[in-house]
Amino acid sequence: MEILVYGTINSVSLALMGLGFAMVYGISRVPNFAHGALYIICGFVTWTILQKLGLPYVVAIFLSLAVNGILGILMYRFILIRVRGMNISEIISSYAIGLAILEGLRYGGFRGMTYTLPVFMEGMVFIGGVPVDYHRIIMVIVGILLVGGLWLFTHYTRLGLALQGMAQDERAALMLGIDSDFMAMLAMGFGAVLAGVAATMILPLGNIVVESGYHVLIMSIAVCIVGGLGSWIGAFFAAFIIGFAQILTVVFIGSHFQMVVALLAIILTLILKPSGLFGQQKELEDRV
Amino acid sequence: MSSQTRRKERIDRGIKVRSEGLYALMSWREMAYLILPRFMLIAGLLCLPFLMPGMYWQRVISIVCIYAIVAISFDFLAHYVGLVCLGGAFFIGTGGYIAGIFNAYFGMPPVLTIPLAAIAGGAFCTLLLLPCLPLRGVYFAIVTLMYPLFMARIIEAFDIFGGTDGILGIDSFPSAFVEQYFVVGILLVFVFGLRRLVTTDMGLIFTAVMDNDQAVRASGINITYYKAMAVFIASAMGCLAGACLTHIYMWSGISQFALDFSILPIAATVIGGAGTLVGPVIGCLILVPVSELLRDFGTLRIVFYATILVAFILFRSDGIMAFAKRKYEQIERWTQI
Amino acid sequence: MLEATDLMVFYENMLALNNISISCRDNQIVGVFGANSAGKSTLMYSLSGIMLDIRKKEKMAGGERITLTGQLTFQGKDIMDMKPSDRARAGIVLCPERRRLFKESSVMENLRIGGYLATKAQARESLDYVMTLFPALQKMTKRLAGFLSGGEQQMVAIGRALMAQPKILLLDEPLMGLSPLMQATLIRAVKKIQEQSDISIIVSEQYARPVFPIVDYAYILENGAAVMEGTREELMDNPDVKSAYFGMS
Amino acid sequence: KPIILGAPLSTAYLYGWDAERGIRLAVDEINAKGGVAVGSEKRPFAVEVIDTRDLEPGVPVSEALMAVERLILNKKADFIVGGPNRSEAALAALSLLSKHKKVSIVTSGVLTPKYHQTVEANYDKFKYAFRIHGEAVNLIGEIIANFADLKEKYGLTKVFIMAQDVSHARGAAEVMGKVAASKGFEVTGTEIFPTGATDFSMALLKVKSTGSEIINIWMDMPESAILLKQWYDLKIPALPFGSTLAAAEQPGFWDATEGKGEYTLCNVVNAGNAPSEATPWTMKFYDAYTEKWGVEPEGLGSSSSYMAVYALKDAIERAGTIDSDKVVTALEQIDMVGVYGRLRFDPKTHQVIPSTDPKEGAVGSILQWQDGKRVVVYPKSIAMGEILLPPWMEK
Amino acid sequence: MNTNQDQPILRMENVSKVFGGVTALREVNLDVFQGDVLGIIGPNGSGKTTIVNSITGFISLTSGRIYFKGKNITGKKPHKIADMGVTRTFQIMRPYYSLPAYKNLVIPLFSPRAKRTGGWRGGGRLGDRKTIAIDILEEIGFERDSYIPFKTTSTLPTGYLKRLELARCLALQPEVIICDEIFSGLSMSEIASMVPLIERIQDDGITIVMIEHRLRELFQVANRVMVLNFGEKLVEGTPDEVMANEQVKEAYFGSEKIEEVMTYA
C-alpha cells in the first residue's frame, strides 16, 4: 500500500516535471535544456512575489507562471529561433541559457537552504494506513488532469493538432498555413508555463535550491525519452515506470541504488523498445 | 526583393580549383595554398606551450587539448557516423578510471596506462553502448547522456574504486614539457588521422550509415559492425583523453563522469564548426581559455560564460571553421542578373 | 489569379528557374510538364513560398545561398515576400512531392491538421468530400500515416491539401505511385473539384498524357525555362510535344 | 609585499561563503595591526578567492583542481586556506599541493577521516596539508557523549538513524549505529533517503511506532528542513539530533521551518560558529563577524577559517620565513589558544587535536534551537543552556 | 521458361504479415525461377512493398517461410540476405543524399559480397571502385562525361535517383533484384530507355521481380505477372492471362473500361 501510494505520488511528480519538456520537444522539436532553469526560476519568482511583495499566494502563482511564459517566449524569440532545426546548437544554446539563469540566480543571492514555499493546504489523511498530506493529493490530481487535458488538447483541438503537425514536418505545416515560428514560440511559452506549474506543485514540498534545476532537467529528459518523445501519454506512463522503479528499489534494495535502478530502467526500456514506450519514430524511420 | 537585380555569387577561388588534383604540385603558390592552413595548425599548436605566459597557462593548454580530443571524437561520431553521442564524460571517466586503477593499484607507469586505457576503455565503452546502437537520433543522444550518470552512480552505490573519494596518488607525467607535447601530439595525430579516415572507404561507409542506414543494409553491409567500429574509435579517443586528465591531475574520481565533460566538447564543436574536425579544436581553444579568464568573476563567471557561448552560436550559427573555410576557398561578388 | 513574371531561382550559382512567367486564371487547370530536373518542383516551391523557408534554413546552416527574383501576384496583390503560411491563408496550397505527411499522426489527424485554416463547418464538409473522393481512406482513419503504403500516402496528402480550403491548389506530381485506377479516379476528382468549387489548379507532371485531357492551359519546362506554352489544343497539335510528353508518335 | 593566501572555495555554497568571510575577517584584523612579521619585515596578508563550484552537482572536481592550480601558478599564492570544500575535491587536490609544495589548511566542509589518514599514510608526500576543524569520527564521539547525557537526564535510549544517500553520510550513519549500540543504546532502525527526498512521513511514523526517542539525522541536503517540519506536524515523540544537518546550522533555519524546527539539535563542528564562551576569544570573534558581515556565523567553517589565518600567521612568524617546509614544521609545533580552544595539530596526521575542554584542544559544539535562538548545549565546558524536550515528549 | 527448372530461386510459402491489426499479406505463395522477370501488380496498399520487405528481411514475418535457392532465409538480417544475392530498390528512394552520386556505388562495391564477386560484371577487377562505379552509372544511363555523377545526390532529380537505386543493386552482382516501382516518377522517354536496360540485366542471368503500376512497360519485360489484392494472391500467369482475368479486372480496374484506364498506365 505504502509502495502504491508513494509510487504514485513520486510518479506523478516526475510526470509533472517531464511534461513541459515533452511539450516543447513534441511541438517545436527543440530539446529545451533550459527546462530545469525555468522550473527553478518560477519557484524563486513565486517566492519573491509572495515574500517580498506580499501578494496573496494565488496571485503570486499566476504572476510567476505568466513571467515564466514570457521568459520562454523571449528565449525562443531572440535566441532559439536563430538556431531552429540545428539540434545540437539548440541543445547547447538552451543549456547555456539555463546555465546562465541558474548561476545568475545563485549570484543574485538565491542560495542556501532557506527558500521555501508554503503548501496549498496543511494537514494529511490516511489512505490505507499510509499518511499522505493534502498537498500531495492536490499534486496528483493536478498532474493527472494536466496530462489528460494535454492529451485532449493535442488530439482534439485545432491548435493542438496544428502544433502536432508542426512538430513532425515544419515545411508541410507551412504549406497548410500553420505559422511555424509563431507556433514554436507558443509552444515554448507553454512549455515554460508547464515547467512553472510543475514547480508550483512540487516545490512547496521541498526547498527551492538552484541545484535541483539540474536534477529536474535530467529526470524530465529521462521521462520523455522513455515515454517516447513527444507523447504525453508515453511520458506519463514512463513516469510511472521510473517512479515505481525508484520506490521499489528504496523499499527492497536500498535507497542508494535508486538512481542506478532508475537509469537502468531507462536504458533497458530504450534497448527493448527503441523509440520509447509510445513513440514509433524508429519504426517509422525504418519503414521502407 | 522583387526589385532586386543583383545577386551575390560565390565562386571557388581559382587557386582552389587548381590545387585540387595533381596540378597542385606544379607551383609553389598552389602548394602553399594547400599546406599553409595545415602548417599553421600544426605549428600553432606546437608553439602554444612556448607562447603561454607562465606555467598556469601552459596547463590550460593541456586541458584545451584534452577537451579538444573529446570534441573531435564527438564531431566524428556525430557528423561522420550520425551517432550524436552526448556522453563524452562516459569516455573520459572510463579512461580516467582505467588509467587510475592500473597506475595506483598495479603500479603501471603512464606510458603503459594511457594506451591501455585507450584500448581497454574503448572496448569497454563500445561493449556497453552496443545495445544502444539501433537507437536513432535524439534517443541515442539522450541514452548516452545517461551513461556517465549511470557509471557514477554504480561506482558510488557499490563503493568500488575508492567510492566517492576517488583514486588518489596517481603518478603525474614526468614533466610539464612531456605532458604538453604528449597531449598536443596526440591531438594532432587524431585530427589528421580522422581526417584521413573519413576519406577512406571505411569513412565513406560511416557517412553512408549516417545518411541512410537502410540502404547500407540493402547493400549487404552489416551496419552494427560499422557503428560499433566508429564508437570504438571515438571512445578510445575519449578514454585516452580521460587517462591523460587523470595523470595530469593525479586523481580520478566519479566526478570525471560529470555533465560538464559531456557538454563542453559539444559546445566547442558547435562554435568551432560541426563536421570539420578542426573546428572543435578551435572551439576548445576559444572556450577553455575564456572560461579561465572569467574565473575572476567568481560566481558570475558561468553567467558570462554561458552568454558568450550563446552569442557565439548566434553570431556564427554554422561555426567558425565552416565560415573560415568558405572565405578561404571562395570569393563572393555581386553579379547582375 | 496567380501570376508570376520573370521568376528566377538560383541555387547558389545554379540557375534552376530561368525567367519563367506563368499565369493561372480563375477556375483554370494549368499543367506544368517537364522531364526530370526541369524545375517543376522549384517552381511549385516558389509559388507557394516554401522557397523562402528553404532559403532561410539554408542561410542559417551556412549552406547554399538561394536567390529568388521576379514578381508574383495573387489576386492582384504582390506576394513575393509573403510568408508561406500567409500564402496558404490567402489560398495558395501546395501538395508537395514525396508526400511529406505527418508520419506520427493518424490519417484522420493528418486531415484535421490540413483543416487548420478551415472553420468547423468547412472542415466537416471537406472531410466528407475527401472521404468520398478516396473511399479507401475510410478504413484507415485511425492508422498512422507513416505506415501507409506509398499510394495510400499520396491520397492522404492530396486529401490534406484539399482540407486547407485552397483557392488555388498546387499539385506536384500527384500521380506518382498511384495505381492506374487510382490515377483515373484522381484525375476525374481534380476535374470535379475545379468544376464544383471553382478552385484553380496547377498540376505538374512528368508524364503529360494522363493529365492532359483536363488541363486548360499548359507550360512545358525544360532546364528551368518555359520552352513552350499554349492551350490544350495548341499543344496537342504540336508533334514534338506529342512524342516527348505523350509517348506517342 | 603581501603574503598571498589563496582560497579555493565553493563560494555559492554555505561552506564556501562562510569560510571566505572567516578568512577575510581574520586577514583584515591582522593587516589592521600591521601584518605578519616575516623575519625582520612586516608583511600584510592578501586574499585571492576563486570559486571552485565543487559543491555543485554535475561540476567535475577538475574544475576545483584548476582553481587550485590557478591560485598557485597564476595568482602566486603562498598558502592555500579554506578549501576545496568537497571531500573528494580536497583529496584530489592533495597531489597538487605536494607537487607544488604549497602549505594548505582545510577549514570547511571536508569531514572525511580519509583526509588526515592519507596524510599519515604518506607523510612525506602529503605533509603540506593540514585540517583545522573536526572530522567525522570526532563528530560521532561528540554526539555519543551527548546521547549519554540525554540518557542520563531524560532516560532516552532508543535511537533511530536517518541518513542522506551519499557515501559519507551513509558511512557515518553505519558507524554511528555500531557505536551507539556498543554504548548501550538501542538502534531501532535506519532509514536512508535519496538526496532530494521530500517526504519523510513514512519514516517518521516508523520512528513513532518503534517507540524511538532520538532521531539521529545525517543530512546536508536542504530538504531536511521538511523532515523537521513534518516531525513537528506529526508531533513525533523523539528528539531530532542532527549531525552535519546543514539546514539547521544556518540562522535562517528558523524561518525556513516556520519555527517548527524548535528543539532540533545540531552539531556545528567547532565552537564559535554559534555563540558560546569557550574561550575569551570566542565571543570576540562572534561579535566581530556579526558586525563585519551583518549576519551571525552560519556554517560549520566560520570560526575554523578565521583561525586558520591566525595559525598561519603564528607559524610564519615563528618560522621567520614563508618557506613551505619550515612553515610545515612551525605549524606542527603550534600551540595557541584560539576561538575554539587550544589549537594544536597532530604532527603525524596534521589533524587539529580535539577535546571537550577548550583548555586541552579544539572543542566542538552542539546547539539546540530554542525559541528562535541557537543555544550551545555541548560540550558542558562551554554550554550556554540545557537540552530541552518538546512539550509532547515530556512525561 | 519456368518449366525447365525444377528448383525456384525464390520461394515464398504461406507468408503472412499482420501489422497490428492490418493484414498486409495473407498466405501468399510464390515461386520465382532463375531468369524470370516477374511482375507484381495490385492496387495501392495491397501488400506489394510488404512482399519486398519480407523477402529482403526488412520486416519479420508473422508466419510462413521464404527460401532462396532452397535455403531458408526467413528471419535473416537484411544485410545477410543482400550478401547472399537478393537485392532491392526502395519505393521511397533511399540514396545517400549527402554523397556525390558515384560514391553511392562505391559503398555497395565495398561490401563483402562485391569483394567476393568482383562487383557488377566485375570479374574480380575490383581495383578502382571509382571507375567501376562510373561504369555502372554509364550503363544505367548517366552520361559518362558529364559532371552529373559527381554532383551531390540531393541535388539530382528524381529520374537519376531512381536509376541510382537500381545501380546500387547492380553493383552487388546480385542474383535477384527486386524493383519497387522504379518506373514511377520517370518521364516517358526515360522509361523507354530503362526497358532495354532491364532486358539487358535479364540477359545477364539475373532474376528480376518488378513491382509496377506502369503496366504497359511492365508487360513488355515481364514474362509472368502476379496480382495482389488486399494482401492475397489473386492470380498468377502470363501478362495476357492476367489481363483477361475477370477478378483482376474487378480488383485492379474497378468498373472502368480497361482501355481508358490503360491510358494512365
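Points to keep in mind about this one:
Order as written gives the chain letters A, B, C, D and E; numbering starts at 1 within each chain.
Basically, a residue touches a chain if its C-beta (ideal position, glycine included) is under 8 Å from a C-beta of that chain, and two chains touch if they have at least 3 such contacts.
Values in this document were obtained by computation on a predicted structure and should not be read as measured data.
Path length between subunit C and subunit D in the touching-chain graph (shortest route): 2. With C-E and B-C as the two chain pairs, more C-beta contacts join C-E. Subunit A and subunit D have centres, each the mean of its CA atoms, that are 37 Å apart. Averaged C-alpha coordinates put the centre of subunit A at 31 Å from the centre of subunit B. Averaged C-alpha coordinates put the centre of subunit D at 76 Å from the centre of subunit E.
Each chain gets one centre point, the mean of its Cα atoms, and the points for subunit B and subunit E are 42 Å apart.
Multi-chain contact residues of subunit E, defined as those touching 2 or more other chains: 49, 58, 90-92, 94. Multi-chain contact residues of subunit A (touching two or more other chains): 82-83, 86, 103, 106-107, 214, 256, 259, 281, 286, 288. Residue positions of subunit D touching 2 or more other chains, listed in rising order: 12, 58, 167. Note for the complex: subunit B touches subunit A at residues 78, 84, 86, 131-132, 134-139, 141-143, 145-147, 149-150, 153-154, 156-157, 214, 259, 263, 266-267, 269-270, 274, 299-303, 305-307, 309-310, 313-314, 317. Those residues of subunit C that touch subunit A in the complex are listed here as 48-50, 53-54, 57, 60-61, 83-86, 88-89, 93-96, 100-105, 109-110, 112-117, 144, 146-147, 160-161, 163-164.
Against subunit C, in their complex, subunit A makes its touches with residues 82-86, 155, 158, 161-162, 164-165, 168-180, 230, 279-281, 283-284, 287.
Interface residues of subunit E facing subunit B in the complex, by the touch rule stated above, are 56, 58, 77-80, 82-83, 87-88, 90, 94-99, 103, 106-108, 110-114, 129, 168-169, 171-172. Touching subunit D in their complex are the following residues of subunit A: 2, 6, 9, 103, 106-107, 111-116, 122, 124, 130-133, 136, 202, 205-207, 209-212, 214-215, 246, 250, 254-256, 258-259.
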